[in-house]
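There are structures below to look over.
The following pair of complexes shares a single chain, subunit A, combined with subunit B in the former and subunit C in the latter.
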Partner chain A sequence: MTDTVTTTDSGPKRLTTARLRGLFRERPIIPLIGLLAILVVVSELIRPGIVSLNWAGVMVRAAVPLAILAGCQTMTMLTGGIDLSVGAVASMSGFVVATLVGGPGLATGILVALAVAAIVGLISGIGVGIFRVHPLIMTLGMSLVVLGFANVWQIRMVQTGSGVPDQFRDLGAGIFLGFVPRSLLLFVPLAILIILGLNRTGYGRLLYAIGDNPIASRLSGARSWQVLIVLYVISAVLAGVAGFLYSGLTNVASVTLADTALLPSVAAAVIGGTSIMGGRGGYGGTMVGALILTVISSILSSLGYPEAVRQILFGALIIFVAAAYTRVTEP
Partner chain B sequence: MTASTNGYLLEASDVSKRYGAVVALKSASLRVRPGEAHALMGANGAGKSTLVKVLTGAVRPDEGTITVRGKERMAHSPAEARRGGLVSVYQEPALIPDLDISSNLRLTETPLEPFRDWVRQLGLGKLDLSRMARDLPLATLRIIDLARALAIRPDVLMLDEITAALPANLTESVLEVVASQRGGEGSIIFISHRMTEIASVCDRATVLREGVTVGVVDISADSADRIVELMLGEAVGEMPERTERAAVASQADEVPRLEVRSLGSSGRLRDVSFDVRAGEVVGLVALEGQGQDELFDILAGSEHASTGEVLVDGRPVSFRHPADAIRAGIVFVPADRAEALLMQRSVRENIALPFSTPISRWGPIRKRNEKPKVDKAIDTLQIDTRAQKEVRLLSGGNQQKVTIARWVAGGVQTMLCFDPTRGIDIRTKHQVYLLLRDLAEAGAAILLYTSELSEIQLTCDRAIVIFGGEVVAEIDVSDADEATLLRAAHNLRSDAPLPEEVVAAAVAAEEEADDAGEELAHQESGEDPGPAEAGDL
Partner chain C sequence: MSTTVDTADQSTARPIGALGSMIRRHGWTLGLVGILLVLLVVTRLIQPTYGAAGVQGLAVSVLPLAFAAVAQAIAVIARGIDLSVGSMMALTSVISAALMEERSEGFAVLVVIGVLLLGCVLGAVNGSLIVLTRVPDIVVTLAMLFVWAGCALLVLGTPGGGSAEWLRTLTGGSIVSAWIPRAALLLLVIVAAIWIPIRRSRLGLSLYAIGSDPLAAYRSGVSVTRTKIVAYTLTGLFSAFAGLTLTATTGIGTPVPGPYTLLSVAAVVLGGVSLAGGRGGVFGPIVAVVILSLLRTDMTFLNVNTNLATVAQGLILVGVVMVGSLLQLRKREP
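Take a look at the complex of A and B:
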């Protein structure tokens, strides 16, 4: 017969692998910051003396628009979706302002660009929320539609286009206090808004809920179509804002300007710990993810590696990180 | 006196497993002799499921050894365990929905002839192997799953709550088959919350509590008390005698909280009418698939009725979405916890979810307003919040409590509970019964569907019985003993015996009812095999 075994309370706290995994699961931002620190050290080793406040400013400046696009991915991925139209919308919005600033003026240009972005988001949201089109397909389709319209616009406006407005160049590429990027003036409040929105509002709670379990959310009274329509509008408008910064940062206005940022924006969210299956993640990790990708890019370009190497490395990193998250989040 | 290792077919010793901060198994042991039916028992969260997963290779233990026929063996996957002669049958049938039955059998290389024999012995009668798994009722799939396992003659067959929510006649044949396996070469590990089943088919029981094996009991006439004692670790508090039932029935002139008038829905629900008054718990009894699922879905706003109406406080209502039902004060606790919970979110988030669903509440969360309500709900239901970071880490019983706490936090007017105690332990069950009574006493109207007939007398004021999509009986709780309810559920007159043929006919009807088209045909021609034969007898 089996005897009763006396119960003992859990032993002294040790830093076991289980604990590490728990840390990774609860606070993925801590190991991510560790990875970022390693990358900074690598940068310094490769090009001694390069790491400085100015270098940090340049990195942050380059990471800000990517972090905004990655914010779009974070929020849509929390609901189990994705927004593949952010690249096209960002390019479109920068381009629209560039073509309108000479005529109707900057304010009109911004308004038109953001209104168009909102309409694109509204259509995506209606497709995903009401007609149940898979977000991947819906937003991919919308990105082609947006690119097509932007091309039409380009043909009509080519004569009056007058380039990126000074204000955007200042905001996207400008620096104050010696090394602080001006884009932070826009980004810091925006990031705070996203973080508070996700963690402290009923709307944020619903984003997580719908991604975690759409049936349970429905049974609890959530009308997911409302949540999703608002979500894709927010995402598209944020992408429009990121487009202003991209055109300012690069001093280029083209209908394909931000297209190359699309996959890195997904990558930054995934690396930051947001699950593409929904219900898990947050914006803090995403921002660090955007910085990590930016620093890696800079390391590779300072080594003179071609774009292909960057792509391979990004791809490998995404796969590695996604696999690591799956391992730690499964019980 | 410890028995030597040699005598055992399967032996698990000192198995431990922890998930983060949660210890699922501390030191669990299980020794199964050849030819015995061995019950594995324990309250929810005691570690039964984890031990089963360790045995079948689904989970790797932190410590401990498992030996089969004296040789150490650790399965790394369920397939490996299966090859090693250890086969398990779970509550959720492991059949691929989009394949027909014969393809499902081929996948697991199940020999057909023995399979057919077992299906017959398990009381299913004829079975069309070309039907898609997803088109068959859950009870049938369970039986198929069990027959498939039996057909490959496993050394150890593990049955996890195999009888949960099975109709009574199938339960009986399953138990007979389990009993007939005793004394052979193989063994059966039998997991169930139903003490009477354990007493009737098992030889011994291993009892787990808080992840530790606390005792092994030889089953005899009076072993149930001993097992419950071991499970709870303290004297089990009897369900407090209900002092007096609120005399709601007499207040006939009062407008009922919920009125259902000739509700019909294509195929499954024909003409259902009943009332639920404030302050009363109404029990709903039905065999599997008699329209209760559709009835609850309609009342909860998930489905539309094709005919009839629903009135709340005397006003007709029409729900297009569960949110409409919630606004009308009707909240729904579904049977499947996976449908109710945000598994990756915390206990608090799960409870607070309905607070944030209307657009007007999308803004900043009013913590000061919300926290006391959530705290009170956690307190009322005595939810164990040690693993509150993620609900999926909680035990089944605690998860079930969270699904109820969500509505308790906001104040309950009308609550629909669909088998809320399925597969949870006795202590949690009692808590749920008490809670339902308390809610009713505080003025809530509660409709409770249950597959466990004894719950009717424990919690309800009266019972209504549904058969073939119609209300066939309304029984006052004082008359609602299990035999009466069971007869009513088979649509038999109260004095009539319960012959096997009728049961078989009812099951046939149930099977056919699965096809909505066929069901409609029955309606039109006015023939319904179940009740018709019942009348003949």
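Take a look at the complex of A and C:
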């Protein structure tokens, strides 16, 4: 809605650098959507006829779990932190459910997985919030702990065997109404919750406040340790949910399944305009960032480039977008 | 933000603070060495056969990670962080392995020099990008992680290549006595020869200055941008050393980056380098790497599941850092 207003405003005037700068600063999501649109056009030019509702559905389906993990990064980055344990937690939770679904059942599996994720988040939160350990180190250490325990669990469960539950396959890879990914049923409410939580609740404001100026927020009475503990618990539980979708999407239960999504999740949040130094950003941009990354990797693979070239272009693009973003938002 | 306040606090209590922090800085490394000695004794008690051969194996196995930790330490001291260390290692390792395969021993000398120069170039590119784009270090090096790893895959699609014989003898075996592994001596000589002169020079002072307070450094005439590029160039150089030793100790080049980047960050923090920059040295992280590796060996001797060993590694990392920051918190309170 706001998009239309801004575009009619800028319609008659020339799109000068200053205006672009203002637009970027006020609403980073608009230029990002522009970039996404360009990428969609590029996809169509490379392979005429590929862009369709089905294609869009496939893209969105692949982007949803990444967007959830990037949400963890967005929220922790707002406070000036980062969560490097999301990959390990997501893999662990998908794996735990896959091993428990045969015996104790799906509901128990989900509960156990999310409870373990919450405990991991609680420990990270205590480390970051009370002991003031750098979030990078705290979450890195926790990811080693989670990976180790997941491996132990794996060895113990070898004899019982495991399989991704059908419900997860439906949720992660299923499609309804012809092209709409079923994972949106989970993701849309989740995204609304995150956006409302960040913009409309006191807790969301506290996240921005702590990241923007920790001392000022402490002096104005914010108990940052409580905020941080809750934050890392939320982040870990979200990562656990993303793990369900990953295992459903790929139909694989492995203790390292989502590890490769860790760095892209940070990249998606960065491209989406969330500052890694804290205090600036939002979830809207992050979602578009996750979509952009997904479309780019689809373009690169449809061009038939080898994995090597894809990685190089991927990295170059992250720097390019981040640099453009820094350039226009800084005076 | 909080760091500015820290420095303000320190400047009011300068006479005691400077001395205290000096003792503490060396105290941390000395403490680590003490832990290492205790661990060696414990290892001997657990496994009476652990002797010179064990120490040699240990030295060879820690060599790449130790160089990576030094590389990371320099970036962190200058208030940066380099997430592309592992990828730069992979790139330099595959290039050296691809060039040295079935070539003369003399040609390998040229390869080593070339690869070390390449490491400097890679680091300089990282540093220049950080300075030019003004994007936070962690984001730029995260992106470069993909770029360098992609380049490594372009050079060698699958693990392969070879290593010169003299490189392998340089890193393996022992010298003078069976208890002094060649690998350890190599590591110490290279790091000391490069780092100590730098540390004593104006450049070293600038590195620590931009690490502890970039603005103050700038105002006292230090070129923050140039120093930062130099810091990343050194990080690239030591990553190249790490990549070369990876080739030398394994005999091949592997294009997929190992877990070295994150482990190097962990080792740097355990080694007493503050992630806020400006504090610590490169020898603490080296000792930390040896300790972590020896702990793993001990747990293998004790028949601890290797996965529980990973858990222990994570817990030790978190625990030590927690103790460290508790000490710091307690110091600040009165």
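The definition used in the following text is that the second predicted complex is superposed on the first by the 315 of 331 C-alpha atoms of A that agree within 3 Å, B and C clash if a C-alpha of one lies under 4 Å from a C-alpha of the other, contacts with A are read in each partner's own complex, and residues count from 1 in each chain.
Definition applied: a contact is a pair of C-beta atoms (placed from the backbone, for glycine too) under 8 Å apart; a residue touches a chain by one contact, two chains touch by 3 or more.
Quick caveat: nothing in here was measured; it's all calculated off a predicted structure.
Student: In the overlay, answer first, second, both or neither for which of subunit B and subunit C A:G202 touches.
Tutor: So A:G202 only meets subunit B here.
Student: According to the contact criterion defined above, which of subunit B and subunit C contacts more residues of subunit A?
Tutor: Larger number of subunit A residues touched: C.
Student: Looking at the overlay, what does A:I215 touch: subunit B (first), subunit C (second), both, or neither?
Tutor: Both partners, subunit B and subunit C.
Student: Should A:A37 be classified as contacting the first partner (subunit B), the second (subunit C), both, or neither?
Tutor: neither
Student: Could you say whether A:I119 touches subunit B, subunit C, both of them, or neither, answering first, second, both or neither?
Tutor: Once the two structures are laid over each other on A, A:I119 reaches no partner at all.
Student: Check the residue A:Q226 against both partner chains and state whether it touches subunit B (first), subunit C (second), both, or neither.
Tutor: The first partner, subunit B, only.
Student: Which subunit A residues are contacted by subunit C in one complex and by subunit B in the other?
Tutor: In subunit A, residues 213, 215 are touched by subunit B and also by subunit C.
Student: Sort out for me which residues of subunit C touch subunit A in the complex.
Tutor: Subunit C reaches subunit A through residues 1-2, 5, 81, 129, 132-136, 138-140, 142-147, 149-154, 157, 262, 265-266, 269, 275, 305, 307-315, 317-318, 321-322, 325-326, 329.
Student: Quick one: which bits of subunit A touch subunit C in the complex? Just the residue numbers, please.
Tutor: Spelled out, the residues of subunit A in touch with subunit C are 82, 84, 127, 131-134, 136-138, 140-145, 147-149, 151-152, 155, 213-215, 263, 266-267, 270, 275-277, 306-316, 318-319, 322-323, 326-327, 330.
Student: Tell me, which parts of subunit A touch subunit B in their complex?
Tutor: Subunit A residues touching subunit B: 1-2, 4-5, 7, 10, 18, 21-22, 25-26, 196, 200-203, 205-206, 208-209, 212-213, 215-223, 226, 279-280, 331.
Student: Spell out the residues on subunit B that touch subunit A in their complex, using ranges where they run on.
Tutor: Residues 1-2, 18-21, 23, 26-27, 29, 31, 206, 210, 212-216, 300, 302, 321-323, 326-327, 332, 334, 338-345, 349, 352-359, 361-365, 389, 392-393, 406 of subunit B touch subunit A in their complex.
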